[in-house]
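Structures follow.
Both complexes below contain chain A, partnered by chain B and then by chain C.
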Partner chain A sequence: MKVLGIESSCDETGVAIIDEKGKLLAERLYSQIELHAQYGGVVPELASRDHIRKITPLIKETLKAADLTLNQLDAIAYTAGPGLVGALFVGASVGQSMAWSLGIPSIPVHHMEAHLLVPFIDQASGLQFPFLCLLVSGGHTMLVQANGLGDHQVLGQSRDDAVGEAFDKVAKQLGLGYPGGPAIEKLAKQSISKRDDFPRPMIDHPSLDFSFSGLKTHTLLEYKKAKQLSEEKADIAHAFQQAVTDTLYAKCQQAIEQTGLDTLVVAGGVSANRGLREKFNQLDDVNVIFPSMKFCTDNGVMIAYTGLQYALAEKFVGTNEIKVYPRWSLQQ
Partner chain B sequence: MKQIIRSADKMEAMGATLVENLSTPAVIYLHGDLGAGKTTLVRGALRQLGHKGLVKSPTFTLVETYSLDSLEAYHFDLYRISDPEELDYIGIREFCSGSNICFIEWPDLGKPLVPKATMEISIEYAPEGRQLSIVNHSL
Partner chain C sequence: MTVKLLGIETATEACSAAVLIDNEVVERFEVAPRKHNELILPMCGAVLADAGVSVNQLDGIAFGCGPGAFTGIRIAASVTQGIALAHDLPVASISTLANLAYQADVNANELVMPAIDARMEEVYWAIYRKTLDKVELIGEEKVQLPVDVGIEEYVSCGLGTGWGAYRDILQQRLVASTENVIEDALPHAQVTVRLAKHKYLDQQMVDAMNALPVYLRNQVIHKKR
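Moving on, here comes the complex of A and B:
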């Protein structure tokens, strides 16, 4: 069985093909490839989220890389939500039309469930349901209990800014580059005082929710108050990073106690932060898994992989309707 | 109109006051630096309009939509927009019509394609908290 997956819920246009064993045959992200052939040698500058002009060449390119033709596909999976309505419609229309014309099933996939399931693609990790997942990126900050296919419980989430967003915005204000995470990590290392007096938001709150907007503003105000010398900047970066790491750690510890689960997947772009990794490796008696970074950002692989799981479990509704769910909850 | 806002709670209360007698369609621009409290103000407005759940930052998603009792509310953040053409992919023109309310953060990044404002709010850092200025274009 060969499943083609399409991701187009926000910024990235991604396509991937996977076989029945979950082996990745080919994958392409628009932002990472050159499409000379399809455009006759000229590569137009396409705006972000211009999925409609990117998707067909990307599908062709992925099929070519997998050495497959359209007729050899067995199912088409696409992101049906949550996300931007216009962006989702591109993937849904293309996915449904392809499936209909090829006479094969189409599988609508929940974008967040795909983030949760993609760590399984690395079979060496030994990951099994149920597990806890901390998803931390520019767009998401979420603690989820994953029980099985289509069975997930959101234990906590950010009430305002995503943690990656806070990193990016603090970095921008400090005059650092994008993405902010690596830039802040690098600068924080240069802190001599190892400043560590920033608040840990909601740490005493009984819920597993997060809030990073106040910490972001606190950091910006501290920076404005300071003389903005390079040492002070490094100290502020250090204090900010410590506060974020401690908060995420404390909430995960609380979730582990509450659920009794002993496996924690830490996924999303922010999980690349080395300080955070060191901290999480201190968790006693907990198997902490950091999935490969290339599967942590939005991509077609996670959609193809999740689609395959539904196909194998025969747990999907075959419909020709082109429908998207911009505000699809993970728990429905 | 200018006013000093001394806390996040007061900013939410201000947001609630602003939408009490608002006529639709309304397009509300929110100007202000990072951390000024733009999303906090929108949170207060949406609660006043009957929204019960979270009001998260729309920076990553570009727009968060809220289906309320009598209207649809859209909370845009153009912070990540690099080309105004992108607004068409979001469908901003369809959203800001009818009996809808659109809150738009960082509207300058969407010019000239961003819909015209019926109200503009600027939030600035001040020693006592934040200074809020409001210009009502619909009067």
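Moving on, here comes the complex of A and C:
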């Protein structure tokens, strides 16, 4: 069995082909990051326009790299949500139309479930259901208990900004580049004082929810108060990153205690942050799994992999309608 | 030689699909705002069944490339790319304005002015010369405020939702006003396939990856600072 996966929910166009054993046969990824960098964030209409230019060449390249033709595919999976509506429509329309005209099943995939399941592709990780997952990206911040295919419980999520969003906004105000995560991480490293006096939002709150909007504002106020010398800027970046890391860490500890689970997957673009990785490796008696970096950010592999799981479980949606779900909840 | 083409048009509130076999055309057409995504593939299946052909018997696929609603023209382009890719079919991009122009009831070689309401107080418009079974673009397609529309040629017919929204202003922009105005004209896939047939016979079809929307409106963001 061979499944082709298409991702186009935000600013990456990803295509991948996987076989029934979960072996990756080929993948291609195009990032629009430079396109949006000049605006300090993703511009939805420009994202849609770029997806439609790139998607067919990427599918062709992926097929060629896998030495396959479309007639050899058994199913086509695509991201149906959540995400930017116009961007989702490109991948969904191409994917659904290909499947329809080839007469093979289409599998609409939940983008966040794909992030949850992609660590399984590395069979050496020994990952098994159930496990805890912290999903941290530019669009999402959530703690999830993954019980099985299509069976996930959202334990907590951000009540306002996603972590990655907070990084981007703070970086923008500090005059750093986009995306903000790597820029802040780099600057924080230069902090000599290792300043660490920013508040940890909702850390004593009994729920597992997050809030980063207040911390973002606090950071900006501190920046305005300071003389904005480069040392101070580095100190502020350091203090902000520490506060974010500590907050995420504390909430994960809380979730581990509440659920009794001993495996934690940390996924999403923000999990690339080294400070975060070091901190989480301090968790005692917990198996912390960081998916390989290329699977942490959006990609077609996770969509193909998740599609494959649904295909193997014979959970198909028999439809010719092209549908996207920009605000699709992970808990159906 | 037999020509078999599939055509789709989702640039406006209308959604349609058609199959052309030589000179015969079957079409499904529905005015269904924001439902194009749900309707288009079932419609394609229906017209193929009506025409008695399957996708792998087609010689090409045509789509309404705009101008029109951004999401609508992207759905048409994406569906076209998907089908063309799956069956290695060549593609014809057919202007939505040309589609309207073709529908004008005028004498051969007269000029017509299709105009589509582009929101934001603007219209997509163009001047086309209507011949017996073709249309020819005069100048270029534009997106403008109705008061800025400049026409130097004598136009004998106006059609499209742009005329519905700005009839009086557009009449004043003409050299001489015309009674022949069809305000509720909408693009049809049966026209898409008829215009595409010329492209097919003239060997002007393109590859799937070049099935791209024509937006006309490119100012979609105002750069800060």
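We adopt the following convention: the second predicted complex is superposed on the first by the 314 of 332 C-alpha atoms of A that agree within 3 Å, B and C clash if a C-alpha of one lies under 4 Å from a C-alpha of the other, contacts with A are read in each partner's own complex, and residues count from 1 in each chain.
Throughout what follows, a contact is a pair of C-beta atoms (placed from the backbone, for glycine too) under 8 Å apart; a residue touches a chain by one contact, two chains touch by 3 or more.
Remember, it's a predicted structure, so these values are computed and weren't measured experimentally.
When the two structures are aligned on the shared chain, A:Q282 is found in touch with neither chain B nor chain C. Touch criterion met: A:V94 reaches chain C, while chain B stays clear of it. When both complexes are overlaid on chain A, the residue A:G138 reaches chain B alone and has no touch with chain C.
When the two structures are aligned on the shared chain, A:I55 is found in touch with chain C, with no touch to chain B. Judged by the touch definition given at the top, the superposed model places A:R159 against chain B, while chain C stays out of reach. In the superposed model, A:Q190 makes contact with neither chain B nor chain C. When both complexes are overlaid on chain A, the residue A:G86 reaches chain B and chain C alike. Contact with chain C, but none with chain B, is seen for A:I322 once the two complexes are overlaid on the shared chain. With the contact threshold set out at the top, residues 48-49, 85-86 of chain A are in contact with chain B in one structure and with chain C in the other. Contacts from chain C toward chain A in the complex involve residues 37-42, 44-45, 55, 70-71, 74-75, 77-83, 85-87, 208-209, 211-213, 215, 220-221, 223-224. Within the complex formed with chain B, the chain A residues making contact are 10, 47-51, 83-87, 138-140, 157-162, 164-165, 169, 172-173, 213-214, 216-217, 220-221, 224, 326-327. Those residues of chain A whose C-beta lies close enough to touch chain C in the complex are 38-40, 43, 45-46, 48-49, 52-53, 55-57, 59-60, 70, 85-86, 89-90, 92-98, 100-102, 320-324. Within the complex formed with chain A, the chain B residues making contact are 8, 33-35, 37, 39-40, 54-57, 59-63, 65, 82-83, 85-86, 89-91, 125.
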